[in-house]
Amino acid sequence: MIQVAVIGSSKALPEEEEYKVAYQLGKEIAKRGWIVVCGGRTGIMEAVCKGAKEEGGLTVGILPSYEGTEANPYVDIKIKTGMSHNRNPLVVASGDVVVAIGGNWGTLSEIAYALILEKPIIGYKTHSVEGLIQARGIDQILEFLDTFSR
Amino acid sequence: MIQVAVIGSSKALPEEEEYKVAYQLGKEIAKRGWIVVCGGRTGIMEAVCKGAKEEGGLTVGILPSYEGTEANPYVDIKIKTGMSHNRNPLVVASGDVVVAIGGNWGTLSEIAYALILEKPIIGYKTHSVEGLIQARGIDQILEFLDTFSR
Amino acid sequence: MIQVAVIGSSKALPEEEEYKVAYQLGKEIAKRGWIVVCGGRTGIMEAVCKGAKEEGGLTVGILPSYEGTEANPYVDIKIKTGMSHNRNPLVVASGDVVVAIGGNWGTLSEIAYALILEKPIIGYKTHSVEGLIQARGIDQILEFLDTFSR
Amino acid sequence: MIQVAVIGSSKALPEEEEYKVAYQLGKEIAKRGWIVVCGGRTGIMEAVCKGAKEEGGLTVGILPSYEGTEANPYVDIKIKTGMSHNRNPLVVASGDVVVAIGGNWGTLSEIAYALILEKPIIGYKTHSVEGLIQARGIDQILEFLDTFSR
């Protein structure tokens, strides 16, 4: 089963475009029978999990705490790490492919780990980093994912 | 969804009783609609995943490497950590309840973490540790899991 | 420089024998020009650091938090991990030799990791674990350390 | 004791300017009685440790492996993590201040963690990241460190 790591800010709000793109992406990942892997929290992580669940998909949250109470309500599988921000590399390592949407320093750390681990990665309105393709929209993200999965 | 962490030696062989108990346990976890969480490798981890998959269950392997190639063929969700043995606490932290079957030093480290994190835990032919109930067989393990889930 | 990992309960009090043995051990480690490595907190960790500092030794605390404010006042080098209990394996991995004094589940996890990593280890009034020598007192601990360092 | 985290590429060579700046920085850190904390390997890490040792300073290497054999010869204290690249956040978390010199994706991950953890950080010929001051040379780095330590 293909695992898609989706990374981005925990602060993105439902009315923001990044949230909407992540939500749409979650739906498309689920429709393809793939699995969402993320940090399990709010913002982009919530959006992609919500989208995936609405299409009957499966979602994994790799969480900062031991208790896992910070998980958004759309996380199916809770990986409770107790490692705080140090869980970031595990999110991208667990993706066969990585999508970065918006984001702040946590997302930048994850983009860096995706590049360290030589993961296929595409961004959308995220940090400008050498070697990171920036998609124009959801269509180009999906094209990248579909190409990857062939 | 209830997540059951199953821990034990990577060296247990199919002809050994511990392997058979883990395999049977995997089946019962799947029948109850619960999820198997384990270290994703051979031995007890393979046995419980194999049992779960034969009943249509879902299995999660929290793996030592970044590549995940050490996963047994019955692992659905691969959490690739790159943390070697340091991934052990994540396995028990991710269980709502923990079952220890047989095992060596890795299993002892996981039992210790289960006790640190105050997880409900039951053992079978595993390390004798204060505060760890030793089940007589699969029935008592299931009774413990069923009591827990009520 | 030889690094001696000293593990044990954060709850040991100065009036307890285990605390006194750890304090004495800290002095002896420092006299030999070796380095104390520990979890950096209270109890046994404080005792061994205090002893070492009184003899002009050097102490390292591998701490659970990112901030390091939980360090006892006798820690020189602060390794701030943000990994909570998951920092335990790093303490024993960083010792060329390991001494376990008293202790609870955290100490048991560290003993298990010492055995996983095949470290020379000696205990004093600690968990009874196969393969772990229990010293009768400080003299036998020092004999073990001196033998090891030759 | 002030701990200065120095991060940068493991591939920098002695004839390169970044290596020379890191070497000079190591000397200055040692002269001030501060401690070098780094990833303990080659390149920039070796340069800063070498400089520090030539001035009688103390160096800490937070290493990827459990064995620590990858440490450069100028590392005094070896923190052996077994966590591969996941040890990166520990390097910056353990610095009271962070200096980034040159570098590749590993360095970018460390810069991101420095920003997540709100560490004072200065760069030299490193990744262009919002919020990261780029020094013109060793003098400006030292000015930053001296200001910080007052």
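All chains are identified by letter, namely A, B, C and D, in their written order; residue positions are counted from 1 within each chain.
In this section, a residue touches a chain if its C-beta (ideal position, glycine included) is under 8 Å from a C-beta of that chain, and two chains touch if they have at least 3 such contacts.
Keep in mind that this is a model prediction, so the values were computed, not measured.
Asks: Quick one: which chain's Cα centre is the longest way from chain B's?
Replies: D
Asks: Cα centroid separation between chain A and chain C, in whole Å?
Replies: 40
Asks: So how far apart, in whole Å, are chain A and chain D when each is placed at the average of its C-alpha atoms?
Replies: 31
Asks: Could you tell me the distance, in whole angstrom, between the mean C-alpha positions of chain A and chain B?
Replies: Roughly 27 Å, centre to centre.
Asks: Mind pulling the chain A residues that touch 2 or more other chains?
Replies: 66, 81-83, 85-86, 89-90, 117 - these are the residues of chain A that touch more than one other chain.
Asks: Mapping chain-to-chain touches, which pattern fits: line, ring, star, complete or other?
Replies: complete
Asks: Please output the residues of chain D touching chain A within their complex, sorted ascending.
Replies: 85-86, 88-90, 105-106, 108-109, 111-113, 115-117, 129
Asks: Inside the complex, what are the residues of chain A that reach chain C?
Replies: 66, 81-86
Asks: Under the definition above, what is the set of chain A residues touching chain B in their complex?
Replies: Interface residues on chain A, with respect to chain B: 1, 3, 35, 58, 60, 62, 66, 76-83, 89-90, 93-94, 117.
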